[in-house]
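Below you'll find a set of structures to go through.
Next come two complexes built around chain A: one with chain B, the other with chain C.
For the complex of A and B:
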């Protein structure tokens, strides 16, 4: 403030409303008039605000340091050392058994039906298709009102599918074999987020859906009423993926986001139980280990990592210097011995989970692999890609 | 206790006008991350970290051994690990007719 040209304006202060000598203060091109006492108080507040921010930051840093210490205390051995005496895996001969063609644009997501044969896939062109993977026939097709359908899921009963994307919603479509019925007419809008839907999954029944969104939150919804049952806040950026714990181990799920964090949540309380921040870039995919005691994550930093929930730390990294493209999706084989990961360099790498080494590299897709799931009985896995196709490998 | 503190937090955010209360059943109680100030985000982080530091943890070696045992028990039955004979594979090559792919 320029003191030499102080004009003595007398009037009502904009903060305390008392009749005082006023000083003009410019806030975002708006002129406000405050008395000198209020100016002093506000300046002191601002200082206090900065102090609190700084003290919070240093508290967070020291807590993180303490957390690292606690975790390191229990880190006595590496997973691959424990697995040294495990028999090495033989040569793998996995090849494409089926190629599902029909999408007009990039395939973004897919999910298997519990009958181990049907699967649903969604694509950038707004189409969601249900396939019979044995015969490669398309059983149902629905066109969503939005493009970039980034998430789709098959209901446990096999009678419905859920999907969503740029429309910020998750919609459930009951599957009907009646040729006269229009699938789109029976659509039910379940979830409403304030940003794109990045992932969705039914819980153990057709009645509840868990969603993850670009607005940084995850949410649990009741399908019938569309009511929000629980919301999960904690990610500092877009949430890109989620996976539910295998049913025997209880009501938790893990989510990964653009804030490089993977967080494990308690579904009943909405609280974050554990968080892991060792990745160096966005986490694109998370998948629980079949036992439910660990989970794997795939990230744009070109690594996949295994986190043990009981040891509360990362126990293995699956990476190679030659792999520089991000991993977009990961899944375990039935026993958990193999980790399949689809990458942005068009390949699928198969990792030995225990030994940490790569067992096989699969070529076939002509563009990024965007989604990958192992079938419910573990006999095959399906990968979807930006080359508009899905491939079933066995 | 944990639930209480979460509700407290939500109340604080609702009162300060940064979260809109649920009027329509379908909408989220929006605590939009963009609306949160640096201070709020930091506070949430600090609270979360405090909870995590007190967790009970297991030795890594014990966890890894359990892993290994789990896998060894099951990898014999894992179709993708041991392979499936061609005739039993549900995804064997389609026979009959012309396969143009």
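For the complex of A and C:
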């Protein structure tokens, strides 16, 4: 008796890459293997996936080309030309004024408190420490249940901190001065991502947190309930950094990722408002210019760049042939004249934002500088490094 | 390196771009005409060709990249730490000494980009060779590794020992100079890839990024991704742009306006707390201080946003609005801010409260919004959400900014605030307390309070003798800049 056998081939589906039973699909004499779930999804889309994907790709490319043309039309002068009238800065002396020792492993992230002297820092071994950096005393310490705590933030009220990393979550810890109370007991899990948390920041209040993750998305969360208020999709790879805009309407933020793109988002609609793709490697850090009209980015391609939001283009590149290691974090001085950038070659370079020249190089750390923030009143800046220490410079 | 699936966009990720840059640098350094001066180095009884001095390396870097000596030394040290240069004497320590110490360039075979990650088998062979050649030359951590590997790849141990012996035999047939060089090269490679405890590992990376990491599922839904990208690009094309010259001029204006307010650029009075360990500056500029400083009051005139961001400024502005019977505008704006940034759970109650107080017909503090915005807002109130009052808030904000704010700046209230504002005094002892800009920055520090100021810190007009002494002080002592 004849019997028909259906051979089940198991393998990796060409669409979702999961290990499933595969069905062969022939497109233009090329065989692709999809799992049954993907076949149904594609049928529901009503499209032949390959064809639309190719046409969308080419459409995106041609639109990018047009956008570059449009941007170039209004570009009538370079920043260093305009800055010729500005006085050059004199010799610069900044020294380490405080060294915070206490982390047992690489310091990955730090954030200042609004009181201009406290700060929170997180490290690879899971420890998150709140310091009064003026006295170098440790005020609070909590150990996270995961390693590589890559993001931490201080709440605007000064009453809580947020942190997260390889646990894919962002947790908020209220700060209590009761010595008997265990900080970890009151921990609140706010954000849930499907990959590591790379950056987090409170918005104007303690009630909302903005997060960026290795899963390629950013998200806005309500702290009290843990509810997702808005998610931001558009990066093609891990998102590594974000910064909230100091604008008048206060509704945008910028993010940078491994896809070399810096994207500006509207927090209300979740849509990408502007995108810039001129870096040659991962963007490790983004920071707004104090006026909110521009932002700077630091990247693994050893350059920092300034992007103007009104002109909608890159307006300056801060690079030097002798600087070959990536910039891990950047921040502006209060007037926006100086850009401080921490690099993976253990140094901090200070750039004249207007003239584009390097004003000074600061040595001191013994391993890569992973995080750098100027204090809220601009009197100093703090750098954290893989050498287990934080330094306050002024 | 292992192949990896390309991320969206189709360009393969270049991991560690700094390595290829270092390699280019090292290749340039070896250029016969433009590179570092090479010489033959006498070592024990052999002569090693193509060696370079530490000091020559530093000088070459200084000249090529126009950098100072400390930076050149640092850059050279990084090259040595990453194994692109190795010391001929004492190869255990990977550091650059700016003197006659001889170095050589690592062979490309051992470059990190060629031969990474280092294979355990190779390490076992290397340690075995060392052990066989001279018993007891293995350092502690190497001994540990050796035993660990012996346990781990026990099944292949015969292969390891055989390879080790073969390599040693082949090495014996080479000239002494070559043998020495190859040994140094190999040792450097392993110092970089298996650093001794305590030494930082230069090859260490953070947690894996991007789709190249093993075990990561690449971005699915590529169709959605491209659709979104196309939409974003279409929107971006329709964006209104401003001429570059206008935008860039704005930076100049902003920097010059805010320069005197930037403590790192222009110093701060009485002193920078981080430098002098005196937190008087913070006390004087506390968020809700009774008497704000002159600089702070002046900053309120820069932009409406900066006035509102300062609690003291906002309070004075509220007083001013009270005088003009339009204080409800600012209160409404504050309530909207609370709504936008507050907790989700409070949204319905807050929206209701705002409606009752500000928007309802006949409300106690009714705000004057144009009829179209009012209609839209009231319609939206049936389904309250965080952003339901955004349009109304923007309208009121612009009203205050265009109308009340300029009047505030011209008002007697503001003028009096400026006149009464505190101008801090620099303490007469100790070194100048903050970093300074070029000479012109001195004017901004205003160490002398003008007559008529009600500064509560020191007498306003200093005694003449003190004055001349202080002038002498500025001149004699050089600035830290």
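Basically, the second predicted complex is superposed on the first by the 341 of 394 C-alpha atoms of A that agree within 3 Å, B and C clash if a C-alpha of one lies under 4 Å from a C-alpha of the other, contacts with A are read in each partner's own complex, and residues count from 1 in each chain.
One rule holds in what follows: a residue touches a chain if its C-beta (ideal position, glycine included) is under 8 Å from a C-beta of that chain, and two chains touch if they have at least 3 such contacts.
None of these values were measured; they are calculated from a predicted model.
If you put the two complexes together on chain A, you find that chain B and chain C bump into each other.
In the superposed model, A:74 makes contact with both chain B and chain C.
After overlaying the two complexes on the shared chain, residue contacts for A:174 are found with neither chain B nor chain C. After overlaying the two complexes on the shared chain, residue contacts for A:223 are found with chain C alone; chain B is out of touch. Once the two complexes are overlaid on the shared chain, A:193 sits against chain B while remaining clear of chain C. In the superposition on chain A, contact of A:270 is made with chain B only, not with chain C. By the touch criterion stated above, A:158 is placed in contact with neither chain B nor chain C. Shared-chain residue A:16: touches chain C; no touch with chain B.
In the superposition on chain A, A:344 makes contact with chain C only, while chain B stays out of contact range.
In the superposition on chain A, A:99 makes contact with chain B only, not with chain C. Overlaid on A, the two complexes show chain B and chain C touching the same residues of chain A, namely 49, 52-53, 56-57, 59-60, 63-64, 66-67, 70-71, 74-79, 82-83, 86, 89, 93-94, 97-98, 116-117, 134, 216, 225, 227, 233-234, 236-237, 271-272, 274-275, 289-291, 293-294, 308, 310-313, 315, 333-338, 353-354, 374, 377-381, 392, 394. On chain C, the positions that touch chain A within their shared complex are 7-9, 13-14, 16-18, 21-22, 25, 61, 64-65, 67, 70-72, 74-75, 78, 200, 206-207, 209-211, 217-220, 222-237, 239, 241-252, 254-259, 261-265, 268, 272-275, 279, 281-282, 285, 304-305, 337-338, 340-345, 386-387, 390, 394, 397, 401, 434-440, 479-481. On the side of chain B, the complex with chain A involves touching residues 2-3, 6, 22, 25-33, 38-39, 41-46, 48-53, 55, 57-61, 63-68, 70-75, 77-81, 83-84, 89-94, 101. Of all residues in chain A, those touching chain C in their complex are 15-18, 45, 47, 49, 52-53, 56-57, 59-60, 63-64, 66-67, 70-71, 74-79, 82-83, 85-94, 97-98, 108, 116-117, 134, 148, 150, 166, 196, 203-205, 207-208, 214, 216, 222-225, 227, 229, 233-234, 236-238, 240, 246-250, 258-259, 268, 271-275, 280-282, 289-291, 293-294, 300-302, 308, 310-313, 315, 320-322, 324-326, 333-338, 344-347, 353-354, 361, 363, 366-367, 374, 377-381, 386-387, 392, 394. Across the complex, chain B is touched by residues 49, 52-53, 56-57, 59-60, 63-64, 66-67, 70-71, 74-79, 82-83, 86, 89, 93-94, 97-99, 116-117, 133-135, 189, 192-194, 215-217, 219, 225-228, 231, 233-237, 269-272, 274-275, 289-291, 293-294, 308, 310-313, 315, 333-338, 353-354, 374, 377-381, 392, 394 of chain A.
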